[in-house]
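Next up is a structure, given as structure tokens.
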Amino acid sequence: MSCWETIADYGLRSIGIGERLLPRSDFTLCQQFTLIGSGLIWNIYFGTFALLFGFFLATALAVGKAAKSPFIRKPSEWFIFVFRGSPLFIQFFFAYFLFLSLKSVSPVFDPFTAAWLGALIVLFLNTAAYSGEIFHGALMSVPKGEVEAADAFGMSGFTKFRRVIWPTMLRLAWPAYTNEAIFLFHATTLVFFSGFPAWQQRGDALYYASYFADKTFNPFVPYPILAGYFILLTLAIIGVFGLVNRRLNRHLPDAQKGRMKFRPNVIR
Amino acid sequence: MFSFCTDPQSLDGLPWLACYLTTGKHMAFYASFGTVLILLAITAPVALAFGFLGATAARARFRPLAWLGKGYIAIVRGVPDIAFFLFFVIALDQAFEWIRHKIKCPDWDQPIRQGNDFVVCPAAKLPLSTSPQIWHEIYGFFLAVLTFAIVYGAFSANVLYGAMRAVPKAQLETAEAYGMTPRQTFWRILVPQMWIYALPGLSNLWMILIKATPLLFLLGVEDIVYWARELGAAKQARFSDYPHGDWRMWYFLALLIFYLAFTKLSEVVLARVTARLSHGQATLGGTGRSAAP
Amino acid sequence: MLKKLIAAATALAMGAGVALAASHSMTVRMGTEGAYPPYNFINDKGEVDGFERELGDELCRRANLTCEWVTNDWDSIIPNLVSGNYDTIIAGMSVTEERDQVIDFTEEYIPASPSAYVKLAGRDVDLENGVIAAQTGTIQANYVANSGATLVEYATPDETIAAVRNGEADAVLADKDYLAPIVEESNGELEFAGEVRIGGGVAMGIRESDQELKEKFNAAIRSMKEDGSLNALLKKWFGDEAPQW
């Protein structure tokens, strides 16, 4: 069987399109590359959507944590503390447990025990907490002068936030937020590994890598393939976030743009 | 443990629980908390050393060395830690045994790779197959520390690299003007001054390292997650004096509390260290406001 | 920099190894999972226990070997054997063609025993097309994937049982010997739903390059079969209806 046929058969296997049965003997390198790559669809799905939704919650949390009223501040602080202070692996365990019990309450909760929704929710909350902390840190260091200038222009409340504070906050937080995004994509490998069960052998990149490691009894081929894919994915994330960073900083004089880079890269 | 524990079937309520919580298995569980803490205590400085070497290499003038440093940072940071853990330990172990084999058994005539098998001479085994189990565990622990250090060394290299570049150029230029050699400038000015810039990143890294410890069981170390799973799983009366249903929830709850408490403690300590290091620095933090990213 | 560190660490480890080398004779390290009663499990004291513990100790006695018990995760139990971290696998491992290509097996010490489905008592379950839980990487998971049923995989055997209890899966497929005590002690909550024969008997896994050790264990297993002590052990751990030699 040529490699093209393998790709046609297994390229979308992780989302249930193509051959029903996984290869079970005479494993080729092509099969390993194809299936592990196919699993990467799930990692990208989880990472992208969790990041997207998490971004908004993170902004809310950052503002909440900076709020004067303790009724807003305390819940935000606790949310961030619990999700940042516990391993993702344990969060997955409790979430799965919770969704299972909800399931017996009402059939509305049926899809929650499936990874595509349940794990996405956990990752979304998790990344929101981490990004919320990053955004909060950035919010605290928005220069006073900018806020005072906005006041002088007669901006108030939401307008001031949307047009002055928020863009500056993002600009300051961006390097650290890039790192958070990288970590989040890496964390998606935990979904099927220790969180949610895999249905009909549809799993993420790590699931297929360990499938091959299990079948060939040789971990030295599939895991490095997985590592290779993730290095490419990481480079892509850095690329995309770099473009956004350029846009966020486009109004700054060149010298200052350069200086942004010299800031220490805060991880998470 | 307690004298009344000889016949667990006859107990219930608190005495039963007291006996249950003091079985040999539970003792191993409690001891594993120590294992995790020791591992963290050893790994953190080793990873920092790796990070320092990596960062220094990455900014070296000698190109190949700089590539090596940057390659290390980029590659290891690009790979999920879990993928590393799944094959790295066996690879490291084989590498060590291969080196020892070359040194200790130069006359060995059989191939090391026989089909799927990795066979070195008995004297090169690590630890020797005759050594007591404790040495195997120590060796496994050592491999785990090394693996963690290599992975998190890359992250700390990234932080330190950024911190070294964040030290104001003027300070370095002043050092040069005073006639310091590049080596002196590096050790006397750059290294002492970089820590304040590195601290936020290193604090975060520490938090991440704490939360990576559940992956230890992948490295063959019997850590708290291994025991929590083992103890929490349903037990039948045929195989245990203390049969119970699926109690994983309670054990994981205990782990959750442990991790939260440990995180809180770390936050408090790190905040103090930051306050201390910020003292006298020309940064926002040093002049009274809390410093961010 | 990495090389230097490795070399230093190697030197350190070598020093420690030499000092210990003299004190022991031939030791065989027995690798097991420790999470699959009654084959092998960790008892209340925290030691490896079960049918295979007792069998292994007796085999070592007969073969005049000093044995040491090691637990290892199921997923990496074969890679760690071929890489030499222990010398045998004695973990309820069925002989399959795939595994036989990579490692060698001794004579079987448990006759081929069936796998079984377990479901909630009183439920109608379609084993052909329903949702069947199995542990990742087992022959049972393989079997379900090949059948028309929907396979749902969990990392540990406990979770597969939990999945049936909480309704995620219609039934679980696992070794009958593993399921039997669970069904027995479930107070009627669970019941067997059918049996299938997958895979061969259970044997010890040994490196292909380790023929000498394999022969020693073969001889010991044969002698236990001949004098009936193996049958007695099977009866003790798997009940009176356990298949005998």
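Each chain carries a letter (A, B and C) given by its place in the written order, and its residues are counted from 1.
In this section, contacts are C-beta pairs under 8 Å (C-beta built on N, C-alpha and C of every residue); 3 or more make two chains touch, one makes a residue touch a chain.
A quick note: this is a predicted structure, and the numbers were derived from the prediction, not measured.
Compared with subunit C, which chain's mean CA position is the farthest off?
Between subunit C and the rest, the longest centre separation is with A.
If I average the C-alpha coordinates per chain and also across every protein chain shown, which chain's average lies closest to the global one?
B
Please tell me the distance, in whole Å, between the geometric centres of subunit A and subunit C computed from their C-alpha atoms.
Their C-alpha centroids are separated by 37 Å.
From the C-alpha centre of subunit A to that of subunit B, how far is it in Å?
A distance of 23 Å separates the two centres.
Let me have the rounded angstrom distance from the C-alpha centre of subunit B over to the C-alpha centre of subunit C, please.
30
For subunit C, what residues touch not just one other chain but two or more?
In subunit C, the residues touching two or more other chains are 76, 79, 82, 102-103.
Which residue numbers or ranges of subunit B touch two or more of the other chains?
Residue numbers touching two or more other chains: 86, 90, 116, 248.
Which subunit A residues touch at least two other chains?
In subunit A, the residues touching two or more other chains are 193, 210, 213, 217-219.
Which bits of subunit C are touching subunit A when the two form their complex?
75-76, 78-79, 82, 98-99, 102-103, 133, 136-137, 142, 145-146, 150-155, 159, 163, 166-168
Residue numbers of subunit B touching subunit C in their complex, please.
Within the complex, subunit B contacts subunit C at residues 23-25, 27-28, 53-54, 57, 86, 90, 93-97, 99-100, 103-104, 114-120, 123, 125-133, 135-136, 139, 142, 146, 150, 217-218, 220, 222, 229-230, 233-234, 236-243, 246, 248.
Over in the complex, which subunit C residues touch subunit B? Could you list them?
Touching subunit B: residues 1-2, 6-7, 9-10, 13-14, 16-17, 20-21, 23-29, 34-35, 37-38, 41-47, 49-50, 68, 70-73, 76, 79-80, 82-85, 87, 102-103, 156, 158, 161-162, 165, 181-182, 184-185, 207-210 of subunit C.
Looking at the complex, which residues from subunit A come into contact with subunit C?
It comes out as residues 21-22, 24-25, 100, 103-104, 113, 193-194, 197-201, 210, 213-215, 217-219.
Residues of subunit B touching subunit A in their complex?
The touching residues are 74-75, 77-84, 86-87, 90-91, 116, 155, 158-159, 162-163, 165-166, 197-198, 200-201, 204-205, 207-208, 211-215, 225, 248-249, 252, 255-256, 259-260, 263-264, 284, 289-293.
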